[in-house]
Amino acid sequence: MKIKRIIEDLFYMPRSIISEPTRKTLGYIKKHIPKINIIKFKTGKKVFDWVVPEEWNIKDAYIKEPNGKKILDFKKNLLSVVYHSLPIKKWIKKKDLLKRIHFDEKLPNATPYVTSYYKKSWGFCLSKNKIRKLNKKKYYICIDSEFKKGFLEIGEFFKKGKKKEEVFFSTYICHPAMANDNLSSVAVQIFLINYLKRTYPKSNFSYRFVFLPETIGSISYLSKKISLLKRNMMMGFALSCLGDNNQYSIINSRNGNKLSDIALNSALIGKKNLMKFDYLDRGSDERQYCYPGVDLPVTGFCRSRFHTFKEYHTDQDNLNYISEQGLINSLNILKNIIDALESKKFYPKNKFLCEPNLGKRGLMSTLGKKFKGKNKVTKNFLAYSDGKRNLFEISNKININLEEAIVIAKRLAKSKLI
Amino acid sequence: MKIKRIIEDLFYMPRSIISEPTRKTLGYIKKHIPKINIIKFKTGKKVFDWVVPEEWNIKDAYIKEPNGKKILDFKKNLLSVVYHSLPIKKWIKKKDLLKRIHFDEKLPNATPYVTSYYKKSWGFCLSKNKIRKLNKKKYYICIDSEFKKGFLEIGEFFKKGKKKEEVFFSTYICHPAMANDNLSSVAVQIFLINYLKRTYPKSNFSYRFVFLPETIGSISYLSKKISLLKRNMMMGFALSCLGDNNQYSIINSRNGNKLSDIALNSALIGKKNLMKFDYLDRGSDERQYCYPGVDLPVTGFCRSRFHTFKEYHTDQDNLNYISEQGLINSLNILKNIIDALESKKFYPKNKFLCEPNLGKRGLMSTLGKKFKGKNKVTKNFLAYSDGKRNLFEISNKININLEEAIVIAKRLAKSKLI
Amino acid sequence: MKIKRIIEDLFYMPRSIISEPTRKTLGYIKKHIPKINIIKFKTGKKVFDWVVPEEWNIKDAYIKEPNGKKILDFKKNLLSVVYHSLPIKKWIKKKDLLKRIHFDEKLPNATPYVTSYYKKSWGFCLSKNKIRKLNKKKYYICIDSEFKKGFLEIGEFFKKGKKKEEVFFSTYICHPAMANDNLSSVAVQIFLINYLKRTYPKSNFSYRFVFLPETIGSISYLSKKISLLKRNMMMGFALSCLGDNNQYSIINSRNGNKLSDIALNSALIGKKNLMKFDYLDRGSDERQYCYPGVDLPVTGFCRSRFHTFKEYHTDQDNLNYISEQGLINSLNILKNIIDALESKKFYPKNKFLCEPNLGKRGLMSTLGKKFKGKNKVTKNFLAYSDGKRNLFEISNKININLEEAIVIAKRLAKSKLI
């Protein structure tokens, strides 16, 4: 099955923090990962400085000219309404309507994605070019939405390993019809879970994955699980926008020296268009996981980072924007991190003092010859296999991609050198 | 009152290490800061490797042509004699006189400032262009100076705070008629003391300010107070040349990682023409305060640094060289440091785990919208308000000027977020 | 005596790991350093992952055309056979012979140096241009070599000092007729030992020097002495290729922050064409000394580093490639390191708090004058003479060459300032 298939299946749904389509999305995920556990937080529940909002659903929304012609139709573009808009139905003067319509200054044909989650309000989103063509004095507007009490829902999958130490992955499920932000990461995380279950049924480390609404979801989750996470998490990753194939982005943890930072960096060594961001450029749930007092070792991972690609938060972040190859490449980075962790030689250590004789093991030419390929990478790997550095750290030290380090570790283990 | 007024009042006086004009200068300072305490060191007293010199006063000095025409007149230019010159009166051949006249190679119209504090000698200072015009065979010279036993005097102002930990400021009062070096710093320090007294009558930290002759003054002072200073000083600043408006200079402490270094740097973030110097480029009393074994956390602060502006140590460092705006800007930097220290939130700490809801407090837009101003600086400030970093450190970390950090801290304290 | 004389004396000998010429080379060294101690390891002895090989000697080798004309003659070029070749005598077809001849792709007139120490094999080395001229169908080949049990031999010179802490120098003696690699280092090390004995007969630190075959020699040596070395070595240097005068190269220890790294760096401050390499660019016996678990503080020192000059491992690394001046300069660097260690002020410490009065001691002008030479270097030296930094560290901190630091330390000690 293609990874993109999941994105296609989930694409055309008006998800928000709490909504029917969000619940359906979690239901879809559960079909792929049956053992997922759903954690619920009731509307009105206080979580740290926040309050869980009401469920919001929308059936329809439009703007009609006096002649009945719809010039905005929610059913044709799920981003054309401000999310969490109050219901409204009325005639409105053009000049008053214009104050309620959002557009994207830089992409004149794009409809932007706008929310008003924590203040009751209403509004529409339209492309700049379409706004220009509004030429009636008044319009009939309708937002057929509904607020009600409900439950914020989080999907959590936990895989117990031999060790209590756990690796954490988090992504968000609250965005409506956009592909890169963030169905791409939802799909990659589903595939990653299934890879883990299939490849390491008896894993060494424990693993925890969550699918949650951004911000309020991670805050709610932390309000419940922070002690457990602080006790057991060895590293974690906040996944966002993993579907294009244009670049790789690291958003370092708050202090920038956590194992998660080192691990993700090692898995990206040698990649073209690698961008490294400081925590000052954070933007997704790493904001919460690394917050003072929370201080979990979580690193953000994106391809083109949120806020940096022009299609971001518009209807141009669609199924054409992403690619299967981009998704596969993103998935492979995360697989490599799991492979390293589950390697029997996660902390490789030389079995001999001094260099071993690689020639007699067929790991190097037996001829001492000028400029001859001397398997320098393998030698460098051994030179830092001191039992104190793990595969992530060795990769960084000798500047080879984590994937290569895993292969070398296997070969050396087979030769009984580590 | 203008800061420059102090400099004008004190300008035309032939100060040296110990002299009548230096005593008068201290008297003038005492008028502005009545509670100043005068500490005295007798001529001949041994202070570490040094001996307190004699008092030196000068009434007159000149060079006359045989026809009686004065071609050098101390009364018209206070720098025209080597400071601490022996008295002398005699006819001298031109070629012998030339050996005793100092000039500035690079500024042909300037008279340089030259001293011979620790070796009995004599000499004159003249501009290169005037020396060129000397065309007589012999000249009559006179230096009407006098040495006698006296007291090296230091003005010290101490403001006790709630805490024993103290902040230290030092500047020097021994230079004759030059404006930037160093009456500028004397004036700024007077204004700073009065700002502190007026603004923080019940300050949290203690503060200590000294006005002393350079080098021998700080050495004498340390010989008396080193234990006290080592016990209580949390940070200090050696002030020098604060009157022009051309650049800002930091001379880092000997190890370059003291709180004073961090504080001054934070107060200068974003300033144009900021120059950061290593301790290897030291030059004023930070030489003594940071000396091995003394090791106080003292950073040097200048505008254009000593030795780096061409007017330095000449009569062109005059009242025109400095500006009121330059003095005000220098003062503000030091005020900001005190304001940060006295802030109730010197070590800001989030009251909530996870990000607070800024929107509901009017600290951020409630609309989630692409590229919208999102008050990133406030968020960054909170993201590093972990109770372990003080305002100086947070400013440096998130790269905002200390002044802005203080404003944000106030606003967040008001909203009960820190 | 010229240093180069030693290289000339030892040049034309077909040394290998264990061989008659290698034994003669050690005998020659013993003439210069009578107290050298010979340590022996028997053929077949297991040393960590390795086995000490057999002794190998060669009397002759050639390739003849059917008409009897020698087109390769070992007696005329000692590199023209693969070292440790099996004996062979036979007619061979040209195409089979070609598979057995090595050449240097980049230097068409050079004969390369090739070894097969750990796999029984045979082969010849010839220049690319000569190979091109081979035009017979078959050739008669002869390698008159012999393997037999023997002893790997290491020359060790130990100079006991007042302290147990020792400084270690290692170089290798197994290479045949090449000048820079590595007779240059053998000669420099002989001169260094004699300098030490002559200059510091009662040295403060202890010193240990070894002359051994590369790789298997240092591994054998470590197998016997590792505990002693780990207990006492304060720093060490692996010397290689010290004969040209083109550049200076540091190969940092595995962690790159050892005293040996700091010391060698300080001795090379200000040198033109200084190249600093990471341990990833290691290549000689520092590979063993720094290996995980061995972890001795050893830094590699070369002029043009192995693998970086085109003549490396060919017959063009001959007596013309090196120069007496290059050897002297290399020797001086190492002398400076010993001089610093043996200085009475290895850890200089100010005798006074605050700056001393340099003027009264004639160490600085007594005139305070703008831009006048102020002996800044001496002042900087004092400013970091805190008793915690040694001469190597002070040199690095104030950026002066170690040699200058030693001179300043002497002058200041004489003035009783440190």
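For clarity, chains are labelled A, B and C in written order, and residue numbers in each chain start from 1.
Note that in this section a residue touches a chain if its C-beta (ideal position, glycine included) is under 8 Å from a C-beta of that chain, and two chains touch if they have at least 3 such contacts.
This structure is a prediction, so every number in the text was calculated from the model and none was measured.
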Rounded to the nearest 5 degrees, the rotation mapping the CA atoms of chain A onto those of chain B is 120
Suppose you list every residue number at the chain B-chain C interface; are over half of them used by both chains (same) or under half (different)?
different
Chain B-chain C separation of Cα centroids, rounded to whole Å:
53
Counting only residues that touch at least two other chains, what does the list for chain B look like?
none
Parts of chain C lying in touch with chain B, wherever the complex brings them together
349-350, 352-357, 359-360, 366-371, 380, 382-387, 398-399
Chain C residues touching chain A - in the complex, by the definition given at the top
47-50, 82, 102, 104-105, 112-119, 121, 215, 218-219, 222-223, 226, 254, 279-280, 282, 287-288, 290-295, 307, 312-314
